[in-house]
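In the two complexes that follow, subunit A is the common piece, with subunit B as its partner first and subunit C second.
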Partner chain A sequence: MASTGSSSSIAVADADSARPCDAVVGIQSYNDADTIAGVVASAREGMRRHAATGCVILADGASTDRTVAVAREIAGDECPVVAVDYRRPEVDPLKLPYHGRPGRAAAMRAVLQAARDRRAKTCVMLDARLPNLRPESVVSLIEPVLRGEMDYVSAHYVRHPYEGAITKSIIYPVFRALYGARLRQPAALEFACSTSLLDHFLEQRFWDAEGAPTGIDMWLAATAVTGRYRMGEALLGVRSVAMRPVAPDLSTALGQIVGALLVDLKSRAQLWHRVRGSVPVPVVGNVDETAVPPAPDIDPEKLRESFRLGYGALRDVWASILPPRTIIELKKVADAPPERFRIHDDLWARIIYDFALGHHLKAMPHEHLLGALVPLYLGWLASFMLEPGTDDPDAAEQRIDRLGMAFETQKPYLISRWRWPERFRS
Partner chain B sequence: MSLRGEEDPLWYKDAIVYEVPVKSFFDANNDGIGDFSGLIEKLDYLHGLGVTCLWLLPCFPSPLKDDGYDISNYTDVHPSYGTIDDFKRLLAAAHERDLKVLIELVVNHTSDQHQWFQAARVAPAGSSARNFYVWSETDQKYQDARIIFIDTEQSNWAWDPVAKAYYWHRFFNHQPDLNYDNPEVLEQILHVMDFWLEMGVDGFRLDAVPYLIEREDTNCENLPETHIILKAIRRHIDTHWPNRMLLAEANQWPADVRPYFGDGDECHMAFHFPVMPRLFMALHLEERDPIVEIMERTPSIPETCQWALFLRNHDELTLEMVTDEERDYMYLAYSADPTARLNVGIRRRLAPLMNNSRHRIELLTSVLFSLPGTPIIYYGDEIGMGDDMHLGDRNGVRTPMQWSGDRNAGFSRADPQQLFSPVISDPVYGYQAVNVESEEHDPASLLHWTRNMIRLRRLFRVFGRGTIDFLQPANRAVLAYVRRHEEDDTILCVANLARNVQPVHLDLGEFAGLVPVEILGYTEFPVIGVEPYFLTLGPYGFYWFELQHRRR
Partner chain C sequence: MWQQVERILTEAAQRSVESVAAFMPGVLALMMILLFALILGALVRVVVFRALRGLEFDRHASRWGMGAFGDWSQSHSLSAAVARLAQWMILVLGLLTGLTALDAAVPSEFALSMFRYVPHMLAALLVLVVGAILAQFLSRAVLIGAVNMQLQSARLMSVFVRWVLLIITASMALEQLGIGRQILVLAFGILFGGIILAAALAVGLGSQDAVRRALERKARQPSEPPGTPIDHV
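This part shows the complex of A and B:
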């Protein structure tokens, strides 16, 4: 991996600051001078409330603003800010990182290594762009680990039913059915982990792999689940993030996050073929769940039209991934009026599994394959939104739970084809 | 690249090894002989096949009187195959694809052209240089040692007119045995190993290890001093080269091979020679006893060790480790044509031995893949290549790989006369009928089937690491065993060795309440009860079942 190698603006941790502590808070930042103060303050306060000793490890991507200085100013002696260096890749202007931060995997690895050096009982990862992060959120993440009750606590944010649809429709149900844990937001950027899990993370070979910058959060969650570590989710309320300078388009985001998931599936096939059923993941924390964010501005009719256009343009491409029976069913969906426009759960599960198989068997270049998934995903989202009642958070949760169950029920479909690829497209 | 974990030091327990003679695989420079560059070009094929480790037959400089097993320089490569830099490129390219590379190291003997032997011939008697080999003024020593190549050699001694003494050779007379009673020999062999390990090879197949030491009034095989040498080699490897592997070639009974594992301080792996002919015998007899008996006679081995299993390899189907009666049976069953016999064995490939029956090939492969050990696939067997019994020695099973229906089977663009060996061109196994290209395009081909089976096996560590317990159903045509590893991996394997449909009742009482899920189709079968479990198997049919708990 190429590196700029330039981080002269960051002071590397001195030996004294590597003293043992209870908790390490890792923050990755880049030009976040406007928001980092609140994140560091919440981290400091969260640790103080839990009477935990600790420090903030700042993995800064060579900010050109006052990010590092602000972080240091806000931190106190009891919770110093220590900057760590890490290798940052050259930014390819033609490739937009999903999270907008080059070198995310390298930054996280540097933080985890720093936590290990300090023999921290827990390491919590936070994003520097969370202006409304509360100290309670930090406590919710670290407390179960410091109590020795959990090894991995993932953030669980309250979202509008129509937000985070890639996670709802693909990541969560696949993660649940294949890895056996009902982790609602497996690609959450904020999480806490225990010492033993931290060591296990650092032993993995994926840190420098292609796709790591966008897939690392999910890969770590998958590592925790498949390593049979004790999992939990912390309710953290609504996640508001400072705007990114450039937001990725849907096709890029879906390609990156689903691509990362499919890469992970391939590397863990030995494990998920043996997982049967799923277990709920305990939830910790307590927030006002009524504070639901406003509905995003999405018109299901436009989504439906995109799906119909996709069916016309990509039917032959889909036919090289999906079996004839599925193509026929999709035609019926495309021809259906809005009130009967439904992609049923079993059909959706088989579609995603067929794409996973196509990815595994290299049925076509991965970029093309993931691109072909976009209109199908839009169709699913349209179907979800057009289904009565899904705008209600509780009803939507139950609906997604049923979708996850359908992925579990259809798992033999995937396994039988994965094991005997002659059955692909049949 | 796999995303998961650090390299496992026991990687060889889960490996699928592919045995490949470089000269036979692919000729990149069109001189008629396969080479390292050619093998590099075909690594994607091997990676796609799913094998995880390549075992390269000897690639050293050699007069090639024994297909490279007569090494004349241990620290170079044969120029026909390329250069050391080409070999390094091969290693790097293989490792990029997560393929390990084993090389053959003949440690028992050298070519008589090796400089050590040339120096020994002229060195004063009793000097260290002379004592690199085993010399005698008489050819009557060690008379209890058998002659291995009985078709070509009359004695284990040969006269050297320069040294004016006899030298000891367990194999061909142009292959003098090294003298491991001379400490300098071991020192030099360790230097040789360091040379290749430093370059990045992942292990050695140690050829002919039972014969390292000679002692009077013994058969000069498996002597205690041999194990002292092997322990010294292993100590050296463990100290300097972690995660590398030693594979012993000791064509012996399992109880005699067992010491080659030591207490986990000699070889990591050893071939299980006797099981191989018994697989063929059981199939022909249509009864399981030969397999069950030899497996039950197989002693347990240390946790870090592993058996290497194979159906066919570059040598004849050796019948040394069978009784006289069994040998007669095997000759009658599998070599009606006497030209197929060589030394104490049958020089044929898998597909001809199976009369080209897909069912039988698949059955034997399924048994190979499910017995305890690491399976080794001989190049070309994945597409059902044939052999040429008109070629001398064992060359009939070492013909060019059949890549396509093009000239020279797509192996080389050289003039056909230039090829190191003619390609197989008979109507049944010829390259026009049997080749990679056509099988790639045929989803029902043996190549696709083999590839699927390899992928499937790799999903289950139990096959490489688990225990085995044979069931004893009344129907002896059915071979059934349970493989177990850790808490949640229990596989029931059932194979019908007969050409007809067979019923079988299996005593699965200890698994009552579990659900057999057929592995290939992931099809659930009825739950196991306390009564015998009834199955029907088609001709040469086999099932692998995961025994699963009911869904939580």
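This part shows the complex of A and C:
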């Protein structure tokens, strides 16, 4: 790692910090003094192992603790830490982003612009709350891009089969069926991109769009896929994130992430209408096979009751979005005993597609539509958990793969109703 | 004497004929205006109905919670009901205009007072429409929010919100029409205040044990589930 020769490792847009480098590691932080040390240390070590000249760009939202000072101490002279400004918005307790990073789009944009100014060959985005981030993880993200093999490398964490159910049941299958790439975690907060893709990102117009703070990661992944850039996934092991003091509830989180997905669908309708099938995304890196993510504490019976409560109270609301045939099938599911409580893949795919149509046609205010999806999602999760064998990671992986295939099979259902909605109106 | 009687009778008959002759043009004008209003009303009904059907007014109205108003029409279509309402408004306006054509003080004053009442009617109609839309929006928001909070009484809460808003809206519309203002304000105040007082007494006195047990149960529950909390995203 080339030394900057500067007595201070923190620079704000000065000549030293504008020196070209191979790799830039971008970190968005705010009062993360407890965890930033590990992240910066891993970033520094990861770049050193790859013999890459690099620097850390810290998009710090005016932390009131020693986040920036700690980052400087850990980085030392090997890896300059450059602070960039971005406008961190006032935090509304009722509208916390699901990832806990207000102003993420603005911070990410500032990092990418700084990376472009330094003519970096690759830019890696990391979360400042990863206390157990390993240097190998940084290498896994950087290496494929620096070798010229990939343009976009997304993080792929080992998760418990019941974790990340929104991603597994909605984000991944829709992404796969509509955009044609089997990217397991499209909304991952960590990724690496090449110079050409970085320029393409900065040309997009969604940075200031409504929903950008929560959907920007997914929108960038969609931009990479639809722009036909070379995609990859890096295995980074089990993701351990420092707990946030306040986390949004399920309804808010689902509304944000699924809402961002549906907004993206609408903007790229001309593209995904022409996509047929899907291709697997290459996976790189190694993980510790013995590492097992902790099992979440969740009762499928409570989820089933939540679905039944939703059916009883929201049936009329669902009838504004879903066709009568789907309502009848949901009634059968609601009346089924636990051992036969199943929401089949085709039914689930049609439900999600109908909600996408409802969002597109403004069947009702978007907040109401996405709120009405929550009991259905809990029903799917209960169905998934009650299915024998889904607690096994390999079996769950295959199960989700079949779900993705069902979404691909049902895609003509969505396309026909998207193009000619009046034909299918009851 | 008989000559005087004959003269008086002749003068009376002449005055009657003159009165009728003076009145007839106004009657003819009234009949012509009514005929024109009939034709125009029928035409407006057809045009409005077709225009609303083309705009899918029924679908949009049921989305905004006004589909029930269509049941007032025989065809259960809100578009037909609005078209018929437009026709009747033309007829009523035609009648009022015709009355002003009569050279009669009382009918003319009546017609003018009705014309002055039309803005209040339109304002009341606007209040009803906005109130219905707001009631639908807020009741649905309460329903979805309560379901997602796992509240078993979600539907009851939603119905309560809807009816409170509809009662407020109806009261405002009636006040705009000037119908029973004093009584309306009193009745609404008594009703609403009574509901709130009854609810407060029920919770404060009648349900104190149940509330205490529920609060103790809530306090004993951990704020987060034991073990690892689930990350849904």
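Simple rule for what comes next: the second predicted complex is superposed on the first by the 406 of 426 C-alpha atoms of A that agree within 3 Å, B and C clash if a C-alpha of one lies under 4 Å from a C-alpha of the other, contacts with A are read in each partner's own complex, and residues count from 1 in each chain.
Keep this in mind: contacts are C-beta pairs under 8 Å (C-beta built on N, C-alpha and C of every residue); 3 or more make two chains touch, one makes a residue touch a chain.
Keep in mind it's a predicted model, so treat the numbers as computed, not measured.
Once the two complexes are overlaid through subunit A, subunit B and subunit C clash, as defined at the top of the document. Of the two partners subunit B and subunit C, more subunit A residues are in touch with C. In the overlay built on the shared chain, the residue A:274 is in contact with subunit B alone; subunit C does not reach it.
Look at A:164: by the touch rule set out above, it reaches subunit C but stays clear of subunit B. Look at A:204: by the touch rule set out above, it reaches subunit B but stays clear of subunit C. Shared-chain residue A:412: touches subunit B; no touch with subunit C. In the superposed pair of complexes, A:298 makes contact with subunit C only, with no contact to subunit B. By the document's definition of touching, neither partner reaches A:326: not subunit B, not subunit C. Overlaying the two complexes on chain A leaves one subunit B stretch of 291-299, 435-443 or 543-551 clashing with subunit C, which is 435-443.
Residues 98-99, 162-167, 187, 249-251, 253-254, 257, 294-298, 306, 309-310, 312-314, 317, 320, 363-365, 367-368, 371-372, 374-375, 425 of subunit A are the ones touching subunit C in the complex. Across the complex, subunit B meets subunit A through its residues 1-6, 443-444, 448, 452, 455-456, 458-461, 488-489, 519-523, 546, 548-549, 551-552. On subunit A, the positions that touch subunit B within their shared complex are 203-206, 209, 219, 223, 263-264, 267-270, 273-274, 276-277, 279, 412, 415-416, 419-422. Those residues of subunit C that touch subunit A in the complex are listed here as 59, 63, 137, 140-141, 143-148, 150, 152, 154-155, 158, 225-233.
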